[in-house]
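Which chain is which? They are A, B, C and D, in the order written, and residues in each are numbered from 1.
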Amino acid sequence: MATDVNVKQLSVDMCERLLRDLEKARRPVFQATKCALDNCFYNPKVGYLTPGDKKVATELNVSSVQKMSRAIFMIELILRNLDVGATNTKRELYYISKGEIKHNPALRPLDFDDQDESDAIVDFICEMMECYREDLNCFANDRGGQTYSQQLMVMETMPDGTKATIDLSKLGTAPFQPKNRPQSLKLKAKKKIDFCLIVESEGTANTLVNSGFTKRHPVILLGAQGVPSNAVRGWTKLIQDELDVPCYFFGDLDAYTMQNIFRTLKAGSAASLIRNADFSAPEVKFLGVLPEDIKKYDLPDYAVRENDAVESRALKKARDALQNDPFFKDKKNKGVSDILRWLLQHKRRCEQQAFFSVNPRDPLMPEKIIIEKIKNKNFV
Amino acid sequence: MATDVNVKQLSVDMCERLLRDLEKARRPVFQATKCALDNCFYNPKVGYLTPGDKKVATELNVSSVQKMSRAIFMIELILRNLDVGATNTKRELYYISKGEIKHNPALRPLDFDDQDESDAIVDFICEMMECYREDLNCFANDRGGQTYSQQLMVMETMPDGTKATIDLSKLGTAPFQPKNRPQSLKLKAKKKIDFCLIVESEGTANTLVNSGFTKRHPVILLGAQGVPSNAVRGWTKLIQDELDVPCYFFGDLDAYTMQNIFRTLKAGSAASLIRNADFSAPEVKFLGVLPEDIKKYDLPDYAVRENDAVESRALKKARDALQNDPFFKDKKNKGVSDILRWLLQHKRRCEQQAFFSVNPRDPLMPEKIIIEKIKNKNFV
Amino acid sequence: MAKTQSITSASSAEYFSKNLQQVGFSSYTKAALTTLKEAVDNSLDACEEAGLLPEISVTIEKIGEGTAKNSDSIKIRIEDNGPGLEVEDIVKVFGEYLASSKFGRGRCSRGQQGIGISAVTTWAQLTSARGASVITKTEKMRKACQCVVEVDIKHNKGVLKSKEVIDWDRDHGLTCEFIIDARIQLQGEGGLLAYLSGTTLVNPHLTLRYKILEQDWVEVARVTDTIPEIPEATDPHPHTMKLGEFIAHSHLFGRVTIGAWLKKGFSRISDGVLTDLKKAGLKQSLLDTSVDTITEENFKNVFSALQKVNLMAPSTKSVLSIGETAMAKSIQRIGQVDFFAVVSRKPTICDFKPVLVEVAIARLIDRDMPEDGAVTLLRFANRVPLQFDKSACAMTKAAESVNWRSYGLNQPKDSLPLGPYIVAVSVVSPFIKFKNASKETVDASDELVEEIRRTLIQAGQRLSKHIRRESKEADLEKKRQHIEMFAPILVDGACRITRSPKNRRERALEGLAKLLGRDAALAEKELKVAIEHAEEAVMKMEQMTGILPEPPVVEEKPKKKGKG
Amino acid sequence: MAKTQSITSASSAEYFSKNLQQVGFSSYTKAALTTLKEAVDNSLDACEEAGLLPEISVTIEKIGEGTAKNSDSIKIRIEDNGPGLEVEDIVKVFGEYLASSKFGRGRCSRGQQGIGISAVTTWAQLTSARGASVITKTEKMRKACQCVVEVDIKHNKGVLKSKEVIDWDRDHGLTCEFIIDARIQLQGEGGLLAYLSGTTLVNPHLTLRYKILEQDWVEVARVTDTIPEIPEATDPHPHTMKLGEFIAHSHLFGRVTIGAWLKKGFSRISDGVLTDLKKAGLKQSLLDTSVDTITEENFKNVFSALQKVNLMAPSTKSVLSIGETAMAKSIQRIGQVDFFAVVSRKPTICDFKPVLVEVAIARLIDRDMPEDGAVTLLRFANRVPLQFDKSACAMTKAAESVNWRSYGLNQPKDSLPLGPYIVAVSVVSPFIKFKNASKETVDASDELVEEIRRTLIQAGQRLSKHIRRESKEADLEKKRQHIEMFAPILVDGACRITRSPKNRRERALEGLAKLLGRDAALAEKELKVAIEHAEEAVMKMEQMTGILPEPPVVEEKPKKKGKG
């Protein structure tokens, strides 16, 4: 399912082109897709943000020769890792490069003063190869995606060919934690699964599981832990594609959640334009908190603090998004952009945990509301 | 093994005392153990920080009556949760209390203006009952402790009496994630386990696992993800106690790691004085980076930036610790305090990933160094 | 290589008329303020000299456009009940620079050098072609004399014009009127009202009436009948002199011996000092030489020897005090005062000069002063308000250096404290060192700043008693509310948790009410102590001042539910 | 109620001797600087008046302890080759306040009012009991005259003492010597050296020798033989006058008609203006009235009408320019100059006064100036260095308002730019408005700040050509290094990844060298253009100045490996 990037082949191709150009004393130029809002397109049939034709070109010249040399050097290190299946964090790559240079004084001009410099080169390689750092076997910390279900089975084929099958109902209270490359997993439902619920707050996901949500309902429940990591994004897409179950996102009603969390989960982001295909789940619905829920459930909400830098930036970004973001401009997502408009107009926000105030004596009230909202198609 | 706190009984006792005193028009006074460095003791035989006799008294008077009323109110909510086995996050408790007050106008004077206020009451209850918030069924996000092993089996008895047995070798690449109350788990080794390695950086723990560390060695490997959470602390203690395997901590050589991460893991902290017994693993050794490793392995190290607020604060704290902290003052921990002294003297720091620079062409080099260091008892 | 120019002498009047911006005429708004200020200061000085209680009346009118662009033609008239001036003196005072009864006399009068009012006349002359219009009547004069005085700038002489004898219904007094190009600014630190209210504050014996532009007449009545007694200047102190002054001083004494001259002509030189001088190597024969015969070299020797011996500090008798009593009364004239504190320090020596610092702090009720704005700092030098260039002034620096937080005021770091307070600082000295000729900033020497700072600290301590009393009251009120609100909630909760019966709830509630009642009683007692303290302070003040500020009423809130 | 005090008149000398702190004697270090400055300024003015090329010699010695505590006794001696003074003039110049050949003449001389040197005499008298020792010889005098002058403070008259006729081996000149209590500060913005080097900078025609304390004699030779021609003052402009001055001006003209007086007595009043006045309602009959018969009221009418008509701005003829040529030469005397830019603006009108601004900026080689310190800003008013209170000065404000970053200098926000630069700003005007009597700060009016700012911007633009050339050179060097360093690394890496044979590596390296060589060639071309620009600027400068700064040598680094 996941489009695998052949980093090795890309590297060889790139170096081939480089050398060919050099042999002819032609100036090599590397082009990469421009990952920015002005190169974003949204096709409602596809459902995620796709790149346009705009390219960012890096020309080899006196100014860029250091950066290019560093990139080639780093690619060598990465290819070595890919060859043997080794993985590293960015910081480890930094130290590996330090060690390499220490042992080879001819490379001294490449030396990195600090990790920021080597991180920038890793990012540059990703841009040129149009891939994620995970494709380079360079992994970030796992974050989010802890998953609970009584029905879900995960099958993994290990590098050595052995297979692992994990029955999520057999993990006790422990969650299943998808790793940074969930695309390599296969999923199976032991019984029919009604839906998948992605909860913005990991703590609230825990609360729902502890109170028996996944016992009472044949569902998959996972915590996003804020802005979804690549793991969470890929994992959600996998669930959507492999199991064909409806996915609902349960989060705060505020501009930040709508744009940075929900939009990214559903349609990807401008920064990750090149790989949104593999890292977005266009069928995810926004379950709430919806503006109408405030009145309906008499939820405590708050005025946006306009002198709070983060909140006011999110509002400003929301105004921009309604004008320029192809996702919010498309009428397919009118429901979501209507919420943005409501937020801009009313300048109120409401947290997902507000549902806990509806009937404080009934710990299952939030669960009941969620089920009721899904039943009534009370989502967008 | 874990000393369970009976919150219900403690609450009733507390209220009984309160009412008894009030009936006699006596002023109720609540005492709690003072959790601060000046009430810390260290008994090398016990191995963790224990509380002295100092108490913090809260007297019911006009100034404290609001706080006490809020606490009693919050205790009621918590007892309700404990009764039915419901759990909540702090934020959910805030909304539950908002809902409760909304439905009962007589409680209006208790209303919280924001979550900070209700969080403070939860903390106050923990102080008075000398327990952790987890004992109140109020959970923090899971953080850290992702564990890998080919030998480890985890047995859990669920609230409904059913049992779960998790074989960590059967989870594919996924880790086992211990939850916030790991004390309720039972452990078993399928085969003899050589040691448990706690890695400060979760990313590097991943790298080691990916490169086959746990395949080649019968060990338990877990990532601490910075300052260890209660889950990581309890989980490490559980491994130490149940399996009787040596535990090694692999982290950065700097003042912050020594004091805030390693010391907390091994002997607890002053803030958590009351429950260090259940949340520290006194047998954990500091494997490195040791000062002598820098020379031995020619590791890239850095000068401490004394104009960096965090780093200079850590150094200042280290100076204090050598003078006042009973853990560092005890000669049993001379190895660790020698490192602090070295750090203060040389003002250098070295990150654990520096081992990746030793032989950058051998991805297994860090693993080999770890094994070698353990074999040579090259730890403190 | 021709030498073309000959040296000509200019008069002081030429100098000052070319440099009017240095003496208060750097803008049209300042021109109005300076005119008012110089005339009023002169009236006050004259009344004090003559031992009269001043009554001053001010009218300021706009009579048209000014002759210069962007200016108005303004008529300023100041009338006093002072001793009046003889006509020949009028000409000097208003028409001649450096003509003064006060020049260099070492007294704490407002004016010193005889520049101010002549500069006003010059400004009027330059901008409206008409000098000072004056009416004067002394006790000796049967009728009043009305005239116009102008400055003959070339010769620094006053010129008398249109002299007329007129009837005037008062025994003595002086009126002067100027038509000048100016602009009126009423509000703000540099405004006319700040000058007038500042002047009344530090002149409790002044009755002031004024009418400015279209506004109604305002009268501020005097609050004391005591006329400040201006002490006489004392003999010079050798450590405050330069060698040249020392020698010049000898010329006043004719044929006396050095020893006699030293004892007679200086303060703080006694026989003991002469002995010290001899110990330091000065010969008896030199002390016995007559001052009119000794050589310059020997003057130098005596002077140097004197600089090296220890002398008592100069006398502080020559400084004048407003006094705590008078200040306390006067500050009530500024507005509705909630409470206040005044401190009058003893005269002291700073930088070898006698100086006296007094401070009044008042909290105003209902004035348009925001809680979070800086206090209004009023500065006075020899009882004249200083309204410009405050940042470098010794008084400002001292006020910023005090830790007002410890007296219950808010204060940003190194700044003035905040709140609806007036902080008035008055420095009186026969030798105030100004940073410039327009006399707006007192030089911030370390010694002077420290003396002002100490005065402010004392005032702050007195003030804090009032502030403490206020916060106690707020505290008691809060405690009462707490009892009413939380007692039932707390007990009910505990009863539910313990499943206690109803009667237990009643008993616990009663006990709690008693307990918290005790707290409230305690608070009430604390309040009482605080009130006593504050009252003591007020009584002490009253003994000094004879007036008592209204004590704020402590309202008893009726208890609502009978159970608290 | 007795009127006790009579009015007495004080002399200007009394006033100033009481207020010496206002005219440059507020501390012992300033006393030394002021003494030096007043004497040198007078010498320069005298030479200019007489059309002589000034040669001034300064000696400063410490001769012992001062008479006052914490001071030294300092002898300051200034000798010039000026026209000398007649003895009767000596007495006035050194012994009388406000006696001057320049008072109010509306010319750009350094001294203006005749206060400075008399204040020095007073200070000497007060602190050492000895006034000014002067030697003078005019061309007419056969022998020189040596004497001591003191100030009779009571009467503001010079007093001549110990007059002697002596031989002096020069045709004419003047020497004055003062013994004063003072302290010597050589370095820093307020130091004596800053005054001396500043003075030479803006007086290219001055030859200065000085010996200070134990240091060796220093000689700074003149760089031009052109004596600045001091333009005569022009007739007054009606818009720069006040009504009173206007009326007073009429008295100089006797019996002429108003119309004739206006045309004759003022600049910028032509027949056309008279027509405009009539259009504005002034009657022909009034214009035909004689000035000595019209009423004050009519004076006002004429004056007001004049204020309302449009007049040409005042003439700028009366301002004097140092000139770009002379400045360019003079700035080389400050130290080893790397490159520089000078701008001399045309005279213009600010606040109705003619003013001329000139700027010189130089980068110094090897001076102890850190790269990251602020530039040294030198301020001059009528060619006198201003050394104190710089922050409020118009020149400082203007320099801070320029965006120096666009000319290649570093600059913190709203501050002076950084680097080893001297930025000299000279303002020349017959009517410089100082903020205070000690003449250290030029009042920052919007118009003046803007004029100075424009001059600085022009100078910055000229300077930037040099700076751009430098940065291009650094750039080229960096590019060369890059080629040498990275080419093999890059190609080797790509070859390893593609497993390419060795000969391919060679070909690629050659291609890369060509490519990057092209970049370097491009950079070299850019450098060439930049050098041409800079050279053009230098040539232009040369045409103006006749001197050419050494161009920095562009070193060709030998290529190391034959392939780059």
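Quick note on the criterion: a contact is a pair of C-beta atoms (placed from the backbone, for glycine too) under 8 Å apart; a residue touches a chain by one contact, two chains touch by 3 or more.
This is a predicted model, so every value here is computed, not measured.
Under the touch definition stated at the top, chain B and chain C share no contacting partner at all. Rounded to whole angstrom units, the spacing between the C-alpha centres of chain A and chain C is 71. Chain A and chain B have CA centres that are 30 Å apart. Work out the mean CA point of chain A and of chain D, and you get 66 Å between them. In chain B, there is no position where the chain touches two or more neighbouring chains simultaneously. Chain contact topology: the protein chains form a single closed ring, every chain touching exactly two others. Contacts from chain D toward chain A in the complex involve residues 479, 482-483, 485-491, 493-498, 500, 504, 507-512, 514-516, 519-520, 523. Residue ranges of chain A in contact with chain D, taken from their complex: 11-12, 15-16, 18-19, 21-27, 60-62, 65-66, 68-69, 72-73, 75-76, 79, 106-107, 109-110. The touching residues of chain C, when paired with chain D in their complex, are 1-12, 14-15, 18-19, 21-22, 49-52, 67-69, 83, 89, 92-93, 96, 98-104, 113-115, 122, 125-130, 138-139, 153, 181, 242-245, 247-248, 296, 299-300, 303-304, 307, 433, 436-437. On the side of chain B, the complex with chain A involves touching residues 77, 80-81, 84-89, 91-92, 94-100, 102-103, 139-142, 146, 154, 156, 158, 164-166, 170-179, 185, 201-204, 206-207, 210-211, 225, 298, 300, 351, 353-361, 363.
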